[in-house]
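Two complexes, one shared chain (chain A), two partners (chain B, chain C).
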Partner chain A sequence: MVSEPRSAAANRSVEVLASKLRRRQIVGSRATALETLLVLRQVIAKARFSNLEQLVAIIRDVGRRLVDAQPKEHSVGNTVRKVLHHIREEFHAATRGVEVPKPASFSISKFVLQGQPRKQVAVQKSEAKGTLRENDPDDPDSFARGLKPVLMEAIQDVLDELETVYDNVSKNAKDHIHSDNLGYSHDYASEIILTLGMSKTVEQFLKAAAHVRNYSVIVAETAPSYNGREMAKSLSSSGISTFLVPDSSIFALMSRVNKVILGAHVILANGGMFAVSGSLMAATAARAHSTPVVVCAGQFKLTPLWNLYHEYGALDFGNPSDVLGFENGDLVDKVDVVNPYYDYVQPELIDAYITNELLKETYDDEDNEL
Partner chain B sequence: MAAKSANSGKEKLIDEEEEVLQAVILADSFNKRFRPLTTRKPRCLLPICNAPLLDWTFESLALAGVQEVFVICRSHAELVKNAIKESKWSKPGSGMKIVPIMTAKETFSPGDAMRDIYTRGLVTSDFVLVMGDLVSNIRIDEVVRVHKERRRTNKDAIMTMVVKESGVDHRTRAKGESSVFVLDPKTSECLHYEHIQGYPATKSISVPREILTDHPEVDIRNDLLDCSIDVCSVEVPSLFQDNFDYLDIRRDFVHGILTSDILMKNIYCYVAEEGYAARVQDTRSYESISKDILSRWTFPLVPDDNHPGGHIYEHTHGNRYIAKDNTVVLARTCNIGTNTLIGSSTTVSDNASVIASVVGEKCTIGAGSIIRNSYLFENVAIGANCHVEQSIIGAGVQIKEGSRIPKGCLIADGVIIGPNATLEPFERLSVKRNKADIEADEDGDDSDVEEVEASQDSIDRSALGKDSNAIVWPRAPPDEEDEVEGPENYENQRFMRLGDTASDVVLDVSDDGSSSDDEESSSSDDDDFHDRESVSGLSDASMGMSMDMPAISGLMADAEFRTEVTQSLERAFAEGHSVENASVELKTLRMASNVPLRRVKEAVVAAIVEKIVIVDGDAAGQRKEISTVISRWGDLINRIGGVDPVETVSILQAHSAVSTRMSLFGQILAALYQEDIVEEDHIRAWHALPESKGADRKEGPETDNFQKAWMIGSHMIQQFDAQASESEESESEDDTAPPPSKASAASSKQKQPVESSEEGTESGDDTASDSTEGVDGGESESASEDVSASENSSRPVSASTSEDETTGSESEDDGVIVR
Partner chain C sequence: MPVPIIADPPPFAGGKPQGQPAQQAMTRAERRELQEKQRAAKAALKGQPPQPKESSQGKQSQGTVTTAGQAKAKTPSTPSKKAFAGDIQGSKASTSKDLSLGLVGEDMPPKQLSHGLRIFSHFGQPKPVGHTVKGDIHPAIIRLGLLYSDFKICGANARCIAMLTAFKQVIQDYTTPSHSTISRHLMTHLSPQITHLVSARPMSVTMGNAIRELKLEISAIDIDVIEQDAKESLCLKIDNYIRDRIIIADEVIQELAGKKIKDGDVILTYAKSSVVEKVLLEAQEEGKKFSVIVIDSKPLLEGKILLRSLTSGPNPIPCTYALLPALPSLLTQVTMVLVGAHALFSNGAVYSRAGTAMIAMMAKTNSVPVVVCCETYKFSDGVMVDGFTRNELVPLSVTQKNSRSHDIVPALNLDNLNPLYDLTPPTYITAVVTEVGLIPPSSISSIPLALGKASL
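== the complex of A and B ==
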């Protein structure tokens, strides 16, 4: 309770974010991940703790409140898990140097992480080494004082990663989209890509590929949000040959499509995903035509969770007024309108995920349930 | 410690803002539509979808970033205060500072509450005014922004009302009480507001002519849902203070401000494109808003996402919401229908069905029972094999096995009925108050409960079951004298009642139409009616057959007014009042009844003519009698205002035509001429008027008389002509008044119908032509032309004085001379 006055502001910022999430004033995986990260940074900066458990408990508590506020935005939980992972990593690094914290957890991701330029952290680590003691009776704050700077660095890294996620996903775009369809005549010279919805990741991915490749994109309108139109406008304005088609024609056009590229809302532990409604139809049509389905998504969309009932519910139902205007008063009482935001796309319908980082070891298993 | 620090943080945040966004919630309904559910708690604490209405209102405001909320509590104020104290909104971090204001018990209307806000000086800047039963996800902050921007250029834009397009027949649009908004489509300024009522049915509305002339384009909209969210400037409460008779915010304030010639304030509408907002203003809208919430029209304000009560529900397909805390017990064989909400710790037994209903927390539904379209508050126990249909069941109610609750029942907290009870549709039950309740209740407005309790002996309670503790509220409509006026009358309440289609009410209206529109008669009369814009084009059949009803009421009011005038004059004649006093009395009468001047004049002329005693067989005596009366009282015609001798002659003609004193027309006219009340020119002008010939009138003795009178006029004019030419030769037949003798002869002998019917094709008389000019709403521009084309016969009351000025311009000098 000693920490109350200082943490009040942090506590308040958690509440504010929670109610914003609940009221859907912040939507979208990346925006929620960013906001969560900023709140966590504030919480850590203000938090008072004298050992690791206390710090983890504080973060978990915040995480739980945020996740409960909006369980449908998985990137909130993912961000919390990621931060917890970093906390442990930095703690182990600080207390025991570069010694591998957990036995038998050698992984490529760690190798990659440590290969990244983090010179300053390394310096601080060596400074902190030895002086960092948990539960120091003389100076209970010394632990926090020692650990906080490195944690701030780590959170900054996660922030940077979020900010560069589009670039990193798009880095290899040219390897996935081809100008030539070997074996066909010149009419078929360029590849035809089908996408739907307005995913920033997919947009950047396609634009990146357009620098080196010549190809066409078919964009489905994606009712009822119709933000496929926005996507089509954006793509064509950067010089990509773009066709905007109604959703109903997806199956009919699939025979001409070389690749389906989709965005994701969240990628589940079983390899399935939630994506804008219409994705399931596109993926199924692609399967019928043996067209490959590629999903572009930032690493923060990967969640360690899944459950058995995804197929029975599209998870999130929005406002029926997108489908049937409220002003159609006489109809409102006579029909039930459902407006699912997302489709669950089974793992067997997806051929490849393209993301910005390698997978395992971004979260610790013990954090799966916050 | 924690709370304190958080509070200081909150206050600091408020201080940082340039301007705190304030809101005022009127947490009292000021009506009794939810009785008996509201005998023990205020409406704003009734749950809808398992969260108190007030919490939904707070959430609606929190969404908009409102920082300070004043809750005006009246009935059960302590309960409201405690509820606020214990709600999550009082916890640190809610971002809202909520201040309950206990207003006096004598606050009987929203207007009184506004005056209280003024006297307490609560608001300091533009504020949001809502009722305590609002469910909304509209971005009110956006409305506030638009309002403030407008205020920057127009200081008279005092209010912005949020409305939502919904169509006429939307379930959420109140049928008993709705509104027609006349908007300027470009600025969305609200130019005119009319309250629409289910019963007595509002069949037409009147739009002042100036609106149509000043605005090239107007929208007359009967498809808007009034969300009762008003962004008010700080002077709105003071306007209520200045106008102590404003009771209702819409019917009195908005209508009053817009029709006022003095205030010159503007009110705007904000037609919300996105978002949902509606008020639980009666039991019918309670149902429709529950349905709207369950079918997610209020998204993201839905049970599984942002439940204001903080409950967590699992949303499964078909809009079924089950509390997520694993406390709900659903039997394997039970049936949960679509659009259903089930609160935590509730048990639904075998073979029970819950369809399109809301079940509160800790309820039990017995085996084989069927709950359909019903709303159960917490702790309700329903026995086996019960049927509950379209009803609201209060907290802690026990319905024992085998009972039947048909549609429209309201069962208040704590009632026990059954076993095997069978209720009437629309039954209302509550428990008898015990002594402690009565003592604790100092409200004083529970007289109706007492009455209900007193009347129990005469009611057969056997249908309620042997264990029942319920008292039955009156089923039949109240006695005539108890009937309240305005929207709270019994028949209109039926439009607001859960499950009531009120289809028979509409039929009743056509049965006794004349008695049904006392409201209109006060504001309308013959002339006024023709300026009304029938909104039939916009609404639909329900407003289609609007034309004749107000006409009847207009005539009624007219007849009433006429007898008033006659009585007043009879007294003046009998008691020998001075002309001044009599005219003052008439002017007052005219103001009180709000009738156009012409009506007064007609009544006065009629009274004077009837005052003349008929002297048989003595022409000289008759002439003397006439001149006595006219010289004594004739001046009164011009004293009542708006001197227009031509009109006077027309009126005299019209009256004479139906009077037994027809034969005196010529003599009376001559006497008026003698008294300088009418001049030669006026008689000529009258004579020249096409309608004076009366050619278009229907055949009959009256028309004959009418035409005779015109003929008399012709003779008089001939004599004038003759006089003019002969005057130099100083040849005179009769130096006082040439026409009378001949005129009386003419009235009895001369008949020239052929000639006049040939000439009089141009136009009809003034009453018959009116009916063609009722302007159909819709095409506003053409409407305005129509109105201006029909100069004389149709003119709104407000314009009638100016009419007198313009048409009387040529005679204004005369008027001065007469005075």
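== the complex of A and C ==
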């Protein structure tokens, strides 16, 4: 059977990405999702297959290798799942025509309980392709030839979605942030948002809201990366009144904060999330003050996986020299220094997720385990 | 109760000579006059860009005073007003003297309050110190002021001991004017010194309590006593205060808290507290086998100092070091959280280094006991329910010294704020270790009474 990707070039690109993931040369859910997608496109372009199972097996194999390289980057697996989903969609469309669309109402809980509705759009484009035969004895490549162009289109759609994810998440930003435009007194009355670290999604969300709302943002620096500085610079440069504070002051300032807006690394099927360390404390402090916690994340961060022991699963360590560098040489020898990457934030601490197009794009149940 | 004249924020209480209402009224009048003068000057110079900023600052300081005033009992003069008057003077001084005096961190343009900053305006603002030495300030006090403002002397105990030691010098160098007596006049001599220290950094609760005690002693001096004898006895009283309320108290706390450390414990502490440091070193001395997790955070990163002292001995304590966001990952293995305090309010709330509240909160959600080490002289009569109502900002010049990567410089729309304290609600605290025993936070208010009242 032809189950392995034949092309050495495609194989090499998988290896390159896997080692980059392993070495953390690529980090962040969106960057890894994009890279995965580009690799998958290359793999599909080069792959030889004569039926659906072969193609799925090829993609799954690539997906497994990438996921094993860095299991904490869930968006890699999500991207593979999404591509697999598209492959089946296109296949069904090409062979059996349009499926009956299921009702469109959807929620995270249904996502967990029932799987997902079939996609109803993006089907039209493949209709014209005519007959597509699996395992054609005369021309084994005819199946691939027929399916590849629509798959490329589908992957382009996913790429476009990743490109536009910020716009779509930000679309409703103004509905979540309010301000009081009573002129002179607005300084006191306007909303104060707390965020931490550097999340592109949150950044775009806040900037989108700033077009129509007048508010202040408190950014926690988020040691040891101190990414909050970058965020604060970016927000202030687009005219948002911004305060950069150390992580230690989150609790003290929380009584003046109206809303906490966080980014996510991955959103799990139980409604919890992994996020940059510091998020759990900010969310807990917010809960202590009854301040709403809103999480902004693209749909590609939603994963169908979860388990009961995420507190332990969250542990993933970064470079200790960011915490205690060698300029403290005498200390470095004597103490353990830890620098965990992520926190697991329980679903009960999060009030809402703001995401893009949850309805449209999902995965197939059978791909949960790649 | 030893009638606290200024009920709410005692840290500032000593800033005004309570026994001298006339003098106080005069200084207030002076200040008002000064503000009026400045405002008039500003009106005259409306065209210039920095001027409207200052005037808005002035206006807004008035606003803060009224809002703050509602929360307080009838205070003769609100401390924030005083602080702001000082601030305005300070900023004025800095604009004019910036070039001549190249003080560290003062090379930026005078602080302009963006409108969003107003919500933080009641925090103690970092002030340029050393520019304004007014009146008869003792050199020891000027030196101490600089050490305070540079955070070279930092921590409630250290600041209080340093202040009392400097006061002994001031008292020794003091001579009573011919027309007055020491018990009446010494305090008027000390109050500008205190004012100078407060202008360097807002007063700590410990300093306020010690000054109140000192005033009591001064007013109790018999007028028939020879001046030198009176000074000697005052210095002795100061020495006793330091010994009884701080040194011995710490020793008792060491013993009491040490009993709570068992073999195999993992103790988590935050930043650096001198008492906690002593407790841990003492327990190590006794041969207990335990390890310590030191959690640290900006603005001051004091945990490194603690780490150094815990690991420098001949038999170092096994330590783990991490920054505050790492806390939830480490908390699962912790058996006890041990932290120090800046002050303890009578509702049981602990006012301590910023970040302590989050440590206690996370420990509480993980069912880890939180033990606070705090001498009784840090107790305050007031009630505080929110860390936002009163705080202090660490000047950028100090935070920059502590960080490898460069802090961002305040720019348009962008401010870097470093609150120094936060307030841990009593619900997060399991017990407070004092020299009179381990008590739950709910019983804090009964301690002054149990101590026979006179000492707070």
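Simple rule for what comes next: the second predicted complex is superposed on the first by the 319 of 370 C-alpha atoms of A that agree within 3 Å, B and C clash if a C-alpha of one lies under 4 Å from a C-alpha of the other, contacts with A are read in each partner's own complex, and residues count from 1 in each chain.
In this section, contacts are C-beta pairs under 8 Å (C-beta built on N, C-alpha and C of every residue); 3 or more make two chains touch, one makes a residue touch a chain.
As the structure is a computational prediction, the values presented were derived from the model and not from experiment.
Novice: State whether A:A8 touches chain B only (first), chain C only (second), both chains, or neither.
Specialist: It touches chain B, and chain C stays clear.
Novice: If you stack the two complexes on chain A, which partner ends up touching A:V337: first (chain B), second (chain C), both, or neither?
Specialist: After superposing on A, A:V337 lies in contact with both chain B and chain C.
Novice: Looking at A:A252, would you say it contacts chain B, chain C, both, or neither? Reply first, second, both or neither.
Specialist: After superposing on A, A:A252 lies in contact with chain C but is clear of chain B.
Novice: Report for A:E327: first if it touches chain B alone, second if chain C alone, otherwise both or neither.
Specialist: In the superposed model, A:E327 contacts both chain B and chain C.
Novice: Have a look at where A:L280 lands relative to chain B and chain C in the superposition and call it first, second, both or neither.
Specialist: So A:L280 only meets chain C here.
Novice: Kindly classify A:S236 by the partners it touches after superposition: chain B alone (first), chain C alone (second), both, or neither?
Specialist: second
Novice: Once the structures are superposed on A, label A:A288 by its partner contacts, choosing first (chain B), second (chain C), both or neither.
Specialist: Second partner only.
Novice: As a test of reading the superposition: which chain, chain B or chain C, is in touch with more residues of chain A?
Specialist: Chain A has more residues touched by C than by the other partner.
Novice: Between chain B and chain C, whom does A:R22 touch in the aligned arrangement: first, second, both, or neither?
Specialist: first
Novice: Is A:L244 touching anything from chain B or chain C once the two structures are fitted on A? First, second, both or neither.
Specialist: The answer is second: A:L244 touches chain C but not chain B.
Novice: Once the complexes are superposed, what residues of chain A are shared between the chain B interface and the chain C interface?
Specialist: 327-328, 330, 336-339
Novice: For chain A, which residues are in contact with chain B within the complex?
Specialist: Residues 1, 4-5, 8-9, 11-12, 14-16, 19, 22-25, 68, 70, 312-313, 317-321, 326-330, 332-333, 336-339.
Novice: Name, in rising order, each residue of chain B that touches chain A in their complex.
Specialist: Those in contact with chain A are residues 1-2, 5-6, 9-10, 62-63, 92-95, 164-173, 223, 274, 276, 288, 291-292, 295-297, 299-301, 305-306, 312, 315-319, 338-339.
Novice: Going by the contact rule set out above, which residues of chain C touch chain A in the complex?
Specialist: Chain C reaches chain A through residues 114-120, 294, 297-299, 304, 307-308, 311, 316, 318-330, 332, 353-355, 357-358, 361-362, 365, 386-388, 391, 404-405, 407-408, 411-419, 421-423.
Novice: Can you name the residues of chain A that touch chain C in the complex?
Specialist: Within the complex, chain A touches chain C at residues 187-188, 192, 216, 221-224, 226, 229, 232-233, 235-237, 239-253, 255-256, 276-278, 280-281, 284-285, 288, 311, 314-315, 323-325, 327-328, 330-331, 334-340, 343.
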